[in-house]
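Labels A, B, C, D and E are assigned to the chains in the order they are written; within every chain, residues are numbered from 1.
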Amino acid sequence: MNLGRVTGCLWASAKHPSLMGAKLLIVSLADQSGHFSSQYEVAYDTVDAGVGDIVITVRGSSSKMTPATEKATIDCAIVGVVDHVQR
Amino acid sequence: MNLGRVTGCLWASAKHPSLMGAKLLIVSLADQSGHFSSQYEVAYDTVDAGVGDIVITVRGSSSKMTPATEKATIDCAIVGVVDHVQR
Amino acid sequence: MNLGRVTGCLWASAKHPSLMGAKLLIVSLADQSGHFSSQYEVAYDTVDAGVGDIVITVRGSSSKMTPATEKATIDCAIVGVVDHVQR
Amino acid sequence: MNLGRVTGCLWASAKHPSLMGAKLLIVSLADQSGHFSSQYEVAYDTVDAGVGDIVITVRGSSSKMTPATEKATIDCAIVGVVDHVQR
Amino acid sequence: MNLGRVTGCLWASAKHPSLMGAKLLIVSLADQSGHFSSQYEVAYDTVDAGVGDIVITVRGSSSKMTPATEKATIDCAIVGVVDHVQR
């Protein structure tokens, strides 16, 4: 999994039926020092995250491990909001 | 998922039977600022996207989560056309 | 999926039984402008491609979506020979 | 799989139910010479690793191959603590 | 798949039960010209490879396509020893 910060969201009128009602957020990925890089993911939100939150993202088939996402055409999901990182 | 812009399409006469009739588009991937990079994907179109559209692409096994693609030998699909991105 | 050019082939006497008889080709991956980079894949050929052909490669579990490859230990397959790319 | 060193841990109060009770560690990935890079993974610990340990991480669907993780929304797990590497 | 050279092996006393008895090798990945890069994989050996051998590695779920590895927590396996590469 990776750490990132929610920086925005997006709207798409034409989309695959499995994504109807999906909340898709843009997540800037963080490097090892906690700085945010130019890399990002569009992620399906499963934990009611908001802009500015530091989140845990999961990629690949595991992003479909929830009842809400099991039939969705997604490859990345937000699965936690981070309170504290100890390095 | 990633954001990208449809920049072209391709024709392949010799292809795997599972791809017969498939509409394969070339998508330039966008970086965090919305600029398009030299990275690209060849993606199966599931939402009738056109050249110039800003789209959402999904990779891996999720690209096969539709009736049309479940038996196709693909690893990337276009699953939405983006109206607006708020950063 | 990605675009690449077949640049060679390889022989392996000791290999996993699931790869017996497999035709494994070396594919140089192309960048967005169609130039070939130093990146490559070793790919299982499903469409009788030859050296010099511009091909479509698919990665991951989708490379096993054919009767010939469903039990093979592969993660990349050639699934089309490209006639024309319009950018 | 990759080699890395456990450098920290994280706390997340809001998280997906499948991650309740999960021990999530931050692992700095090592390069070929054994030096630790700026790349990292957030990994689910299956072997009771601690900060400073050199560990083996596995990514993707294999991280869910244990009874404890089979329904967890994870894409990386720690599956071994390394005693010695011979190069 | 990728080409690489076996450069070492590793010992791990604490590891996931599914890896008991597993022979884990370190493989330096080769670039297009056959030079070995700083990138590597820790790979499960299925073909009795030795240090110095040029091998084919497979990543992801395909590395679990053998009776010996189907329940193992691995994401990379050695599936062939290369005799000759023609470029």
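General observations
We take it that a contact is a pair of C-beta atoms (placed from the backbone, for glycine too) under 8 Å apart; a residue touches a chain by one contact, two chains touch by 3 or more.
Every value quoted in this text rests on a predicted model; they were computed, and no experiment measured them.
Between subunit C and subunit D, the least number of touch steps comes to 2.
To overlay subunit B on subunit D by their CA atoms, one rotates by 145 degrees, a value rounded to a multiple of 5. Mean C-alpha positions place subunit A and subunit E at a centre distance of 32 Å. Put simply, the C-alpha centre of subunit B and that of subunit C have 20 angstrom between them. Looking at subunit D, one finds that residues 60-61, 63 touch two or more other chains. With chains as nodes and touching pairs as edges, the resulting graph is a single ring in which every chain has exactly two contacts.
Going from subunit D to subunit E and on round the loop of contacts, you meet the chains as D, E, C, B, A. Remark: subunit A residues 7-16, 18-19, 24, 26, 28, 37-43, 60-61, 63-64, 71-76 touch subunit B in the complex.
By the touch criterion stated above, subunit B contacts subunit A in their complex at residues 1-3, 31-33, 46-49, 56, 58-63, 65-66, 77, 79-87.
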